[in-house]
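Below are two complexes that have subunit A in common, paired first with subunit B and then with subunit C.
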Partner chain A sequence: MVATYLRRAYTSFLAHVVDIPPRLLALLLFLILLVFPVTNPKFSFMLLLSLANLSAIFSASWDLQVGRTGLMSLGHALFFGIGGYGAAMLIVFWGFPAWAAIASSALIGALVALAIGYPCLRVKGPYLSLVTMALPLIATGVVFYFKDVTGGERGLFGFPRLFPFLPYAQQFLAEYYFTLLLLFACGIALYKTANSGTGIVFISILDDEVASKACGINTTRYKLTSFSISAFFATLAGAVWVHLLSAANISLLTLTTSFLPIIATIWGGIGTIYGPIAAAYILQIVDRYVLNEVFPIETHWHMIIFLVVVIIVIIFWGRGLARFVTDKLDDLTEERNLDERGPHIWKKYKKKKA
Partner chain B sequence: MIEDILINGAMTSGTLALLALGFTLIYGVAEVVNMSHGALYMVGAYLFFVFTTIFPIDLLLAFVLAVVLTGILGAIIYRLAIHPVVDDLLASLVITVGVTIIIQELTIISFGSYRKPVPSFAQGFLTLAGVKVPNATFLAFVVSLILFGGLWIFLAKVKIGKAMRAVAQDHEVAMLMGINTERLYMLTMGISATLAALAGVLITASTTRLAYPHMWDTPLYLSFSIVILGGLGSVKGTLVGALIIGYAEEIFVTLSTLYLPGGGFLKGVVAMAIMMTVLLLRPKGLFGKRIEMEE
Partner chain C sequence: MEEIQKEEGLTMHLLEVENLTKRFGGLVAVDNVSFHVDEGEVVGLIGPNGAGKTTLFNLISGFIKPDSGTVKFKGKNIIGLPPHKIVNIGIARTFQVVRPFRHLPVIANVIVSLKSPRGNRKIEWLKTPERKALDMLEDVGLTELMLEPAENVGHGDLKRLEMARALATEPDVLLLDEPFGGLNPLETDFLMKSIQRVHLDEPTRGIVIVEHKLYALMRIVKKVIVFHFGAKIAEGTPEEIAKNKKVIEVYMGKE
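Moving on, here comes the complex of A and B:
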């Protein structure tokens, strides 16, 4: 009886994971990351990879919202900041345990997304980008105003790590495995959402909102769903992030933070979900390891280099660096025109003809 | 207190209008939401700092140099980053935000993240209807009025201004009539950057007198809340939006000094709240049309 179930699970695993090259690749990468710390268990490197895991979750959540639904948001840092400040405040002022603080701040993030999404999602295109970009700026003002609660410019710090019961040497390792499992779970959840029935509705909204409405789809509801799922994962990432750095400060809410997922998504391919995860990894490693230790450059140049690459990619290969490569590979077997290549988030808001 | 609100509100509105003018001009003509407007404002202030403190030259000459160089920088940014995606609103929006961050990081690299003093043109106060107004603020107000009038005449009478209106109405037909639209867009972006730099120098001199690498954010979101409030690309709408936001801010600040200590941090929240309310009621803003000349 048990043997039958095991065999069935095994064949299903073979059919759904091993036989599909991209999924097999993802699984192999996951396994490599799982055994990686055995080879190089340095604290700094563990912390770097943990941060990479979290920024991968953050980027993938942005991709669900923008690459799959077309809600071009430039203020995703708002949710990252809500997660960070929410978790920190719950711990410092109400004495929540870390796990409860992370879970409840993620829920708070999703609820806030529902509340602000309802008015904001009525505006479209560039107006939506402008409004969402303004939200973290408003949040910054609010943080500075409630200095006593948020710590103002210095921020909140001094809360316990995620695994306080472990000896110091093993904490970074434990945090790495925790974030890696979190990334695995969130990545699968986001990917599944993007490819479920709901995800197909998201793509129809991206392609043509008016036509989806004409098919009887309540577009507002689906846009809200996408917005708050994305916010949930971004908040989760932010809440764990402050635990790794043991500090919640105003840098969580800056425009630079909003641009992390944008850079990762444009490098990794828009609307793929797995692309941004890979690119976020590469980005973090290049940012904090390659450009710091192998070819040391001053920190402020990193962002400039990344952004110049992003601008060049947007100008020449609108669907992202990785998608450009896969498109070209597909074209080798069969020539296709641009429209057959699936959703395209740019070129939607063209200049209107008078 | 009423006189305070009236006079100070007028001053604030005037300077805000100056801030938003360039933003609305480039949207009206080329339909580019130029998010690097705040960064160009900052470049103006920093160049003025360079020409007055690091390489001290005559104050007026420094002002002119700062403004003109920023204008040229704006045209270069247009040619390199915006021109390839000029018919794509979202792509140009993301790219210009990227340009803003690049300029911010370059500023930190070259000047450090500390605050730099920006000298003022005019010291002292003058009294208008019993209200003390700093001379620098009054200067910014007057320059703003002159520029508004000047832009009005420029769009109505000068050949290039007429060409700009033609392109704003229909850029394809304008092209058929022999207008070099690409060059005109570049020129518009240059003028827009010049206006941003003017605002940068004058407003910084009249408020904080400090230049720092994150100074672009307040002017940027103020200018886009004004411009969205009035309707993207409408000069009349910009004036009305600036009046609304300026007076709302002034009323809020005056009331907050009485009832809400430290409310200055929430000034931006008020502007954004007004913008969002208007967007919900009228998604195109109050005067959401193309750039127009109201006869």
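Moving on, here comes the complex of A and C:
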């Protein structure tokens, strides 16, 4: 009984992961990250990778909403901030345990998205971008106004770490594994959603909303669904983020935070879900390690460099990093399949072409 | 006799348009139009460019709201319902300019329709949405292109895809907006046969066709309605319309 089940799981694993080169590559990268701590890196580097995991979730959630549904939001930091401040406030004022605070703030984020989305999603295109861009600014104003609750400019701090029972040296390791597994779970959840039947409807809204309505689709409902799923994962990332830094402050709601998923998604390939995850990783490592320790450059320059690269990528390489890699892998497999089928004429043709 | 029945509400047309009017600024796009479609009837709407045929479709399918008048479907007024609800009670339409979902493969374009409440309800017992979508593509002859992204598909095939997408919800009234527009004679012939087959498959379905290619249209329809400057100027069988003086004047000009 168990053996049959295991065999079936194994064949399904072979068919759905190993046989598809891009997925195999993703699995290998995940395994590399899983064994990475054996190199015994510094605590600061482990923290950096944990933050990279969270920003990857954040970027992938933006991609579901924008790359797959076409709801061009420029204020995704709102949900990151709601996650951060929500979790912090639940812990500081109501004494929630860390896990309950993270889970409930993610749910709060999704509910807020429903409440905000209903009026906001009536506008379309560039107007939606402008409306969503205003939302984190409004939230910033609210944070400064209610100084007693939110801590104003100083922010909220002094809440326990995620794994307070572990010795100091192992806490970073535990947090790294927690965020990595969270990224794995959220990444698969987002990818599955994007490629499910609901995901097909999301793409139909992106392509042509009028035609989607003519197919009998309640586009408002699907747009709200996409918006709140995206908000759920962004809020989740924000709630864990403040635990890693032990502080919730106004930087969660800045324009820079809103631009982080945008940069990652455009580098990685919009609408792929896995592209932004990879790009967010690279972005965080370049931002916090390469440009900080290897080639130290002043922090203000980082954003300028990234945005210039974004402009270059948009102009010359619009399909992004992930699609470039998968195209290369597809070319390889195509050759392999031709070899298996065995028409040698094709091989000659390929060589001639090269 | 008919009037007496009408007063008592005994006869019920499938789709009934009454005194429908729509103005765009000073222009009267649809001017006090009334007509009806019965079960199993194939109706052709013809008229010169700008006669208000597409506006009429947009009014029936809920994309724009009329200034006055009613559209009744099975005796119920459907004015004011949003477009997706109108599809879900059984009126599906196609577009004059093709509107495919360009990122999706052809079969997924049809699956979108099957994700709507009505489309989902109409999937036969023990059938997957994919199987049902494939059947729909078979009806219009697109099975070979099913995995091709819609952006790579030619215009003639996209016209057929539009029809497959509308048919997937199994509508009681099918509104076809220039189904033969931009097709070559071979494709026109093929699509004409598919429409006839669709009509035979579901004999109670009403079909309304807006078309300029009269030679194709006249062979399919049983009733023709002629529009000119938003107003209905003639109604009758294809033979009657071909002899109608007013219609000849509109199309050919006065002697």
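Basically, the second predicted complex is superposed on the first by the 313 of 354 C-alpha atoms of A that agree within 3 Å, B and C clash if a C-alpha of one lies under 4 Å from a C-alpha of the other, contacts with A are read in each partner's own complex, and residues count from 1 in each chain.
Here is the rule we use: a contact is a pair of C-beta atoms (placed from the backbone, for glycine too) under 8 Å apart; a residue touches a chain by one contact, two chains touch by 3 or more.
Because the structure is predicted, anything quoted here is derived from the model rather than measured.
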| item | value |
| --- | --- |
| Partner chain(s) touched by A:Val17 [first = subunit B, second = subunit C, both, neither] | neither |
| Touching partner for A:Val210 - first (subunit B), second (subunit C), both, neither | second |
| Comparison of subunit B and subunit C by subunit A residues contacted | B |
| First (subunit B), second (subunit C), both or neither touched by A:Val149 | neither |
| Which superposed partner A:Asn218 touches (first subunit B, second subunit C, both, neither) | second |
| Which of subunit B and subunit C A:Leu31 touches, first, second, both or neither | neither |
| Contacts of A:Val201 with subunit B and subunit C, given as first, second, both or neither | second |
| Footprint overlap on subunit A, where subunit B in one structure and subunit C in the other make contact | none |
| Contact footprint of subunit A on subunit C as seen in their complex | 61, 63, 82-84, 87-88, 92-95, 99-104, 108-109, 111-113, 115-119, 129, 165-166, 168-169 |
| Of all residues in subunit A, those that touch subunit B in their complex | 72, 74, 119-120, 122-127, 129-131, 133-134, 137-138, 141-142, 144-145, 147, 255-256, 259, 262, 298, 300-301, 303-304, 307-308, 310-311, 314-316, 318, 345-351, 353-354 |
| Footprint of subunit A on subunit B - complex, ascending | 31, 33, 35, 81, 84-85, 87-91, 93-95, 97-102, 105-106, 108-109, 169-173, 217, 221, 224-225, 228, 262-263, 265-269, 272, 275-276, 279-280, 283, 290 |
| Subunit A residues within the subunit C interface of the complex | 197-198, 200-201, 203-204, 206-208, 210-219, 271 |
